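The following blocks contain the structures, represented as structure tokens.
Below, chain A partners chain B and then partners chain C, in two separate complexes.
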Partner chain A sequence: MQELINRAKELLENGTVARVLGWKAGDLPYNPEPAYFESAESLKDFVYNGFCGANLSKYMIEASKLEGKTLVCLKPCDTYSFNQLIKEHRVDREKAYIIGVGCKGKLDIEKIRNQGVKGIESIQGAEITDAADELKIQTIYGEKTVAYADAMLERCHVCKGKEHKIFDEEIGESKETKDGERFDEVSRIEKMSPAEKFAFFQKELSKCIRCNACRNVCPACSCRKCVFDSNKFDSSQKANVDSFEEKMFHIIRAFHVAGRCTDCGECSRVCPQGIPLHLFNRKFIKDIDELYGEYQAGDDTDSKAPLTNYTFEDAEPSIVGKRG
Partner chain B sequence: MSIEKKEFKPKIVAFCCNWCSYAGADLAGSSRLSYPADVKIIRVPCSCRVNPMFILRAFEKGADGVIMCGCHPGDCHYSTGNYYARRRMTLLFSMLDYIGVENGRTRVEWVSAAEGVKFSDTMNSFVEKIYSLGENVRLGDLRCRS
Partner chain C sequence: MYKIAKENLSALFRLIAESSELYLPVKTAGQVNFAAWSEEAEVALDILKSVKSPKDAFFPQSEGLYTVKREGKKMKVEPEELKNKDFVVFGMKACDVKGLEVLDNVFLADPIDTFYAARREHGTVVALACHEPEESCFCKVFGVDAANPAADVAAWMIGEDLYWNALTEKGEALTEKVKALLTDADETAVEAEKEAIHNIVEKLPYMNLSLEGWNGDALSEKFDDKLWEELYKPCLACGTCTFVCPTCQCYDIKDYDTGNSVSRYRCWDSCMYSDFTMMAHGNNRTSQMQRFRQRFMHKLVYYPANNDGMYSCVGCGRCVEKCPASLNIVKVIKAFQKQGGEK
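Right, the complex of A and B next:
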């Protein structure tokens, strides 16, 4: 982390970049938040540890409109989102100085809490430079240890790889965290009976409080005017136009990002209700991979997206029933 | 007074493209071919005009089946519309199947303006299928656990 801060200071001082987009420490040991730093002194608050799960590429849409370059810290999976945003002409590559930061899996505080760890005072072992496989957590009830892998976000268990797809320089080492298959959960649901499927999704989606966090954090959801924004009340963007959008919100949103979703997993990470929203996006990714060939959104900046493309030999829609 | 159990009358929505399938339906009518009255046809300029939201909305409003008809691939009035529609519908139907709307309730059929017979056959077989599947889940209840 110190190397990262030193480099950021250097670039700020020699005028290469006008600001740094990174994370600053929150009020608790496990909630760093995205932040801009405009001077070398302010970088004292800069942090980069296992809890910095936030994908900063979406912030670059606004940062691209600012004067001067912005130094942005991107994790390997965030670089896919950045590539996708370049493809959609939402960010300006010239306005970004990308530092590819290492990643050894990001942590989910809920997973730590679910293991009975309460009253957390400090956490050791979440540093990126730390090679430890365990988190030492100081709580008001004494010290607890949790295996790093048991506290990781779901998306890190099915990591796409630790290679930065786009960067100006790389700082910090990464560690492979993949220990599961990306589509296992989707396949499991596909095997259920229709009634079970409906019950499963009804149970999950009924938890939704329509806070719009998934939409607001999603790098693919960057339309200036969203279909879910009410055109009647400009100030109250959460007000729905009608109940249809209220009920079908997740399905519509998943379809809007189909073929553009890089599976960064931010939607599930930010969901305050713990809804596994990535299951919708992954279903589309799985279908696209099976029917139209392997496609990873954000792998490059110039390929055609599957839903804006076609071939004469595409499968007929009846294939859905035949696949069983 | 006893409560009569209502006979199942399916609600079926058919999106037909203006240039081929709607004309095919017309031909079926003028050829005196019959197809069930449960099918409600909605005319669209092109199969590509069918926004996936239309189909979701149909199911949300209580449709038991949705069928989309368009020109045969290669014959689209706008050259390529139905190729895009084909990909879109494949993914949408797969997603609907994933959330519990059986695949039999959704169908895409390519019907040209000359295929009145195919139109009536398609509608007859589709309606038969919906009768065998019975009432659909209420997609409108997706977010309210009973």
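Right, the complex of A and C next:
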């Protein structure tokens, strides 16, 4: 982390960048927040550890409008989102100085809590430089140990890889965290009967409180004004009506980001009700892979996307009927 | 003081549900929220905080107000019925109960919100003391005693028993109904539990948060502070903090066209949303900084100004746990404090 801070200071001081977009230490061991740093002095609060899960790519939409370059710290998976935003002309590459930061898997405080950890005072092992495979957590109720892998976000278990897809320079090592297959859960659900599928998603989506965190954090949801924010629309953004959340909102959103979603996993990370929203997106990604050939959104900035491109080999609409 | 063995709680819930609706913490798809009791419900009394606060029981996230139907050339208005059945909310915590006091000051003041008032009249609250408070809790800062919930019935889960103490007439009435399942108990165990809770509370990191400078008179000083320009930046403008909060009380009123009638309903609103308080002339808060500022000014300045100094935060810490950008009211209070210290 010190190397990162030193480099950020240097780039701020020599005028290459006007600000640094990173994470600021929180007031609990697990709650750093995305933050801008405009002076070398302010970087004393900079942190980069296991709890810096937030994908800063989306903040670059606004940062692209600011005067001067913004140094942005992107983890390997975040770079896919940044590339996709370039492709959609939502960020300005020239306004970004990208430091690809190493990643050894990001932590999910909910997963830690679910293992019976409460009253957290300090957490050891979450620093990027820590080599340990476990977290030592000091709590008011005694010391607990949690395996790092058991505290990781779902997305890290199916990590897309250690490679930064776009960067100006890289700092820090990344670690292999993948221990599962990305489409396994989707395949499991595909095997369910329609009634079972419906019951599964109804149970999950009935928890939705329409806070819109999934939409607002999503780098693919970059519309200036969302259709659900229109006050001319009956089922607008905030009314929590079970049938709508269960049947419509999340599915419409998944359709809208289909072919553009990089599977960054932010939707599931931020959901206060722990709804596995990424499953919808992954189902679309899996279908696109099968119907149009393998495609990873955000892999590059200039290839043609399957859903906005036409080839003679494209699946016919009748495929829907055939697949059931 | 009475007690009931934990293993008999199902019988207690069944008995309460015979004569009233019963809402309590229920686990669905891995998350605990307040929901109606049923034999199949996975009751989760051991959790400290439900994701959403239990305020839904009195102020639901969405509720119908009236329906307008066309009958020939006439319009018929059918108002939604007010709550007219008794119900019990079991397992609220001291902070959530204090949250009701905040809502009461708004909805029971003139003009009275009849929908809310009817629910308050028919609702009985059985609140549980917090056996193991957590690091995100700061109820003491707002004068809440986690060991002594000020509800109709205060309860304590100690070992294999639940201790039960009626504090109000409604609480006495409920106690009468379920007396067959309760046995007399002395207060020794409860006193020890209260002391244990108080000792834990003292160790919590946020318990000594200072509210100095936050009051109903601090309007211009806080409103004009440049600090907001910095604090709001990570905010995603989602409504998580407002929708999990036990005291946020803003709502919007909207019409839903059903095809052959119009249903007017209200739903919680969030000051974080772009159309919050949108009026014919437009919106009076046009930037996210202004929306962000509104939430904290309301809780710590405007509400106290209108309610004899009472804050409209109860320190439940749900926003601390749930904000996707790790922002929260504690960080805001601390940031102002820090700035004050450096001046």
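Heads up, the rule we're going with is that the second predicted complex is superposed on the first by the 299 of 324 C-alpha atoms of A that agree within 3 Å, B and C clash if a C-alpha of one lies under 4 Å from a C-alpha of the other, contacts with A are read in each partner's own complex, and residues count from 1 in each chain.
One rule holds for everything that comes next: a residue touches a chain if its C-beta (ideal position, glycine included) is under 8 Å from a C-beta of that chain, and two chains touch if they have at least 3 such contacts.
All figures in this text were calculated on a predicted structure; none of them were measured in a lab.
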Which superposed partner A:Glu33 touches (first chain B, second chain C, both, neither): second
Partner chain(s) touched by A:Glu190 [first = chain B, second = chain C, both, neither]: first
First (chain B), second (chain C), both or neither touched by A:Lys203: both
Touched partner set for A:Phe312, first chain B, second chain C, both or neither: first
Which superposed partner A:Ile140 touches (first chain B, second chain C, both, neither): second
Shared chain A contacts, counted only where both chain B and chain C touch the same residue: 203, 206
Chain C-facing residues of chain A, complex: 26-28, 31-36, 54, 59, 109, 118-121, 140-141, 203-204, 206-207, 209-213, 215-217, 225, 229, 231, 234-241, 269-270, 272-275
Of all residues in chain C, those that touch chain A in their complex: 28-31, 33, 48, 51-52, 61-62, 132-136, 200, 203-205, 233-234, 236-240, 242-244, 252, 254-257, 265, 267-270, 273-275, 278, 320-322, 324-327, 330-331, 334
List of chain B residues in touch with chain A within their complex: 52-53, 56-57, 60, 73-74, 80, 83-84, 86-95, 97-104, 106-108, 137, 139-145
For the chain A and chain B complex, residues of the former touching the latter: 186, 189-190, 194-199, 201-203, 205-206, 208, 243-244, 246-249, 251-252, 254-255, 258, 280, 283-284, 287-288, 291-292, 306-312, 314-321
